[in-house]
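There are two complexes below, and they share subunit A, which is joined by subunit B in the first and by subunit C in the second.
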Partner chain A sequence: MLLSPLLIFIVVIAIYPLFFSFYISFFKYRLTDPNQTRTFLGLANYINAFKDPQVTGAIANTLIFVAGTVIVEIALGLGLALLFAAESRRTQMLRSWMLIPMALPPLVVGLVWKSLYNVDFGVIPYYLKQLGLDMGRGPLGELQWAMPAVILIDVWQWTPLIMVIFLAGLKSLPHEPYEAARVDGATRWQSFWYITLPMLKPTFLVALLLRTMQSFKVFDIIYATTGGGPGSATTVLNYHIYTVGMVFFKMGYAAALANILLIIVAALAILYIIVLERQQI
Partner chain B sequence: MRNKTTFFSLVLIIALLAMMLAACAPAQPAEPPAEQPPAEPPAQQPTEAPKEEPAAPEKPFAGTELVLASMTDQYVAAFRYLIPKFEEETGIKITLDELGYVDLYQKLTADFVGHTANYDLMTVDIVWSGEYAQNKYTLPLDDFMERDKDELQLDDIMPVAWTLGEWEGQHWAYPLAGYANVLNYRKDVFADAGLEPPKTQEELLEYAKMLTKPEEDFYGIALLGAKGPAVAQDYMVFVQQHGSSILDEQGNVAINTPKNVEVLKFFGELFKYAPPGATDYWWDQRETAFRSGNVAMMEGWSIARAGYENPDISSVVGKVDIALAPVAEGMEPKYGFGGWGIGINADSENAEAAWEFIKWLTSPEVQKDWILNDGAPIRRSTLEDPELNEKFPWFPVLLESFEKGDGDYRPRIPEYSIIQDALGTTVNAYLVGEMTAEEALEQAQAQVEAALK
Partner chain C sequence: MTPSRTERIIRVALMALAMFFFMLPIFWLMTTAFKFGREAFAIPPKWIFFDWTLKNFQEVLANSKTPRYIMNSIIVSAGATTFSLLLGVPAGYAIARSRSPLINSSSYFFLLLLMIPPIAMLIPFYLVMRDLHLLGTYAALITLDTVFDAAFVVWMMRSYFMDVPQEMEEAALVDGASPLQAFTKIALPLSVPGIVASALYCIIFSWNDFLFALMLTSPKTKTIPLGILASFSAVEISWGRMAVMSIFAIIPALIIALFLNRYFVQGLTMGAAKG
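Then we have the complex of A and B:
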């Protein structure tokens, strides 16, 4: 009984839109159509999506973005967590400073980095030039640099989150295996490789899942910095869905694309769980 | 035990995914628009019968509240200045909502589609005319114009200004701010080099090349290269100046023609003499480049001209002049015309009061104040006004641009935004080397055709 307000709330804001989006993804449904007609298309929206070079390109860009951000963030986050794991006044203070990027709205982060990257007055191209590296049109303007440049922004913002997750994981590890290893004469590297890493597996799962799902959804950073450009070098799927849905108001097609995104993420998430669970045995 | 944890994690994931989908799913109108197409076209006619001259009551609309959505172009300053005066004179209260180009288009579309009537008045870009007319988003103003034709002095409005909102014989927005595409150039730089401003596109390219000195961080020309509306619109300017077109003679979309490929290559060539960041320039960055004195030339809308003499925002005060935009050799001169109309939301309940504001704002007397406060002209009488000509000595160039103005070089058809989006991506892709000129236009054409199906 007491739960019912909450249940109604979830039904209204999550369940109903979910099913409605599945429903309209089978229709040609354009919001700006003065007659508001919905034509049933069956699976045509889904089939067209895979024939549409803009969509396949966007999916490829998304996968690059996700792989880039997740790998770098996990590696850096783990490194930082190990660095700051020791309890002292200094690490405690540094740890809290590290959390600042996470607290900023991504749109603000995007705009700040856009200025940093600006080729006419930005700091980054200026110093790179001093170092003899001419970026030409600037990090966000060159085809091969735009994607690494936006990945770097995401890494800057979200590595602290991974650090916190790994710190929590490290704190919860038991001491006994390490003592036993020391007695057996294991080096620090060996105890890290054979004890810490395997015991951190559940933490890896959490970090991977969280970041993969968030990275697939990336929108604000792209919107604020490149708008999917140059050309279509940083057009990720979520940004493309926004263009289809909120610029052209083609809701049926946009819903189909959103569902494709959902299926990709769900498949990846299940794969992670299966792989990591199996190795735990 | 293990099964239990697996099960639990799966449940967790599904819950997270559901939340994620809710975030991704397109926003929906509060209730599904289940209704049939409205039996009567919404507010085709002004709801009230035209009144007789409101001679008796002093302020017939006192107390009415209107909301105006305005693009944040220079003229927004004139709105800020004039609205209090209008409020005092009529007792109508106007709330001004200032929005950027992309936000304005999206917010207005949402307002029209949902019939929420949040905005009574809105600035309407010339290129939205066809789309707004087809969907009947704004009120056709013809009945108002017919009723009040004696006080409107319609003949005084420049003929080309009517393209700001006219579509198939009806007026879906009223002319508000006319812009001419002109060439801004640095008098001092041209004098030092012993050059006259370019008269043809060929000269434009040649001079841009001559005046570029990368080692001094000085470039020949500033252009719009940013993905999206910016690059699409600048490319279309050059298509027009080379005597080509985005539509064929029957009005069908014909982007991929040999002539347009040639123009695109010319456009790409010009970028060699633009600042390196130009492929990322939106209107404001292009302005900044010109105002900070890093470029010799810039084609752009005439409304920005007055700002170059303002030392607060310009470091090229007194060094700038404007000339007619150069056209390709042998072409009969036509100059790009654009700007904004002002429309009344078809769902607005205050159409009469809104019309009152349009009428007041575009009257010859108020137009002078409008211009003096960063507005843009639509009337011949303002363009020929001696006092204004003294203050803005470039008005004769504007007048000539308007007289030979072409308001249709960006096709004002309902499908305009689709064309703009396709070109906005592919032309930018060409400029940064992702595609060849042929591929870029081929893909733009294919995208537009696919979207129109």
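Then we have the complex of A and C:
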């Protein structure tokens, strides 16, 4: 009975809007329309979504962003975890400093990097120019650089989280296999490759799924840095939905797009739950 | 097999490189707050040797809206955290102690809820709040934050309560305590660290939130992230004022990462990795 207050709250506040969203996704519903008419369209919003080059482009950008951030963050995060694994007072202190980025408001992170990337007075274009790499309109202004630049911001903020997850994973590994390997004359590289990596597999899965789901939801840093540009080079699906719904007020269409995103993320979330469930046994 | 000397040097060098990469933007933000406009724009960049000034702080504090933004952020974070704990902690306990498989697996429902893309919830919620004429109120923002916060608290507290031994509660029940007393008098005091970890997560979530605040607040209820954007006035872009506002915005993050990190890490790893 301790559960019921929360369940009632969630059903009223969360589940009802989700059904409402499902419902209006079948209508043409513009908030800017003075008569507030809703015209029933059936599945047209969904069918149009897959024909809309802006949407397919946004989905492609999302996949690039997600793949880029997740791969780099997992590789770097594992490296950092191995680097900072020692339990000395120094590494513990450094590790707590490393926690700062992920606790920061993503909007602030985006703005700080925007100033670092600024083409006129930014630090990064300046030093890159000294090294002989001229970025033209700056990392955020050039079509081919904008996406990597935004990915780097996300990597900066979230790699420490992956580090923390891998540190917990490393700590839970048993000692015996390492001793056995040492007796058998394995090098440290061999015991890392043949013992540590295979035993970390569940940790990899958790890190991978968790970051993939979070990466799909990126919004603040895009809003703060590029606003989806240049052109639509960094318009991810999440940001596009915001534009359709909250800037152009096409609520029916935005709800349909949001439901598509919801289905993608829910599929990943169910996979994540299955992995967690298996790990317990 | 002690690491060789060269290996130790490489290790330290890599650590230094990592710290440099992760701390540099924060250092840049902090120093920009103390710079005059022309020096924030100086090329080549001035890292340490510039004219330090408190001008930006004076300007931001002289703006009558600044205390409003900070106050609003505190109200929203405190409100959402309180409601999330009140709803989530008992629910987490109920799930942890229940023997019904249906209730046990309902914890996954909350995990699923936690994963929902905020925009998918925001669009219908915005319309509902609009119909109820609640747009721009604290209530709207706190309610939506509470959905995501409470889902986390349930998930977190369930795994925490499962690790708290049940024997003492059972003994109390035998001695005639009610289940509610077993919860409030025995289980709750034993799980304070878990509650602290949950509360920190809620505070950070609400304090850092931008998207919900962007759509649900009015000029009177704007939180700090929106205040930061407002410091880019139409007249001039002041990176110095932006940096000062950002420092207010990152204070909770700094406190939590540097002083309460044990709880914070517990929340992250338990919330993320533990089933």
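Operating definition for what follows: the second predicted complex is superposed on the first by the 265 of 281 C-alpha atoms of A that agree within 3 Å, B and C clash if a C-alpha of one lies under 4 Å from a C-alpha of the other, contacts with A are read in each partner's own complex, and residues count from 1 in each chain.
Just so we're on the same page, a contact is a pair of C-beta atoms (placed from the backbone, for glycine too) under 8 Å apart; a residue touches a chain by one contact, two chains touch by 3 or more.
These numbers were taken from a predicted model, which means no experiment stands behind them.
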Quiz prompt | Which of subunit B and subunit C A:201 touches, first, second, both or neither | solution = neither
Exercise. Based on the superposed arrangement, let me know which partner A:96 touches: subunit B (first), subunit C (second), both, or neither?
Key: second
Quiz item: Which partner, subunit B or subunit C, is in contact with more residues of subunit A?
Solution: C
Quiz item: So, does A:223 touch the first partner subunit B, the second partner subunit C, both, or neither?
Solution: second
Practice problem: Check whether A:119 is in contact with subunit B, with subunit C, with both or with neither, and answer first, second, both or neither. | Solution: first
Quiz item: After superposition on the shared chain, which partner residues are touched by A:241: those of subunit B (first), subunit C (second), both, or neither?
Solution: both
Practice problem: Mind working out whether A:188 is in touch with subunit B, subunit C, both or neither, as first, second, both or neither? | Solution: second
Quiz item: Once the complexes are superposed, what residues of subunit A are shared between the subunit B interface and the subunit C interface?
Solution: 13-14, 17-18, 20-21, 120, 213, 217, 238, 241, 245-246, 251, 254-255, 258-259, 261-262, 265-266, 269-270, 273, 277
Self-check item: Sites on subunit A touched by subunit C in the complex
Solution: 1-3, 5-7, 9-10, 13-14, 16-18, 20-21, 24, 80, 83-84, 91, 94-101, 103-109, 111-113, 115-116, 120-121, 123, 126, 156, 160-161, 164-165, 168-169, 182, 188, 203, 206, 210, 213, 216-217, 219-220, 223, 238, 241-242, 245-246, 251, 254-255, 258-259, 261-262, 265-266, 268-270, 272-273, 276-277, 279-280
Self-check item: Touching residues (chain side subunit A, partner subunit B) in the complex
Solution: 13-15, 17-18, 20-21, 31-32, 34-36, 52-54, 118-120, 136-138, 140-143, 205, 209, 213, 217, 226-233, 238, 241, 243, 245-249, 251, 254-255, 258-259, 261-262, 265-266, 269-270, 273, 277
Quiz item: Across the complex, what residues on subunit B touch subunit A?
Solution: 2, 6, 9-10, 13-14, 16-29, 33, 35, 37, 106, 109, 113, 134-136, 226-228, 275-280, 285, 288-289, 294, 417-418, 421, 425-426, 428-435, 443, 447, 450-451
Exercise. Enumerate the contact residues on subunit C facing subunit A in the complex.
Key: 1, 11, 14-15, 18-19, 21-23, 25-26, 28-29, 32, 40-45, 86-88, 90-91, 93-95, 103, 106, 108, 110-113, 115-121, 123-128, 143-144, 146-147, 150-151, 154, 183, 204, 207-208, 210-211, 215, 224-225, 228-229, 239, 242, 246, 249-250, 252-254, 256-258, 261, 264-265, 268-269, 272-275
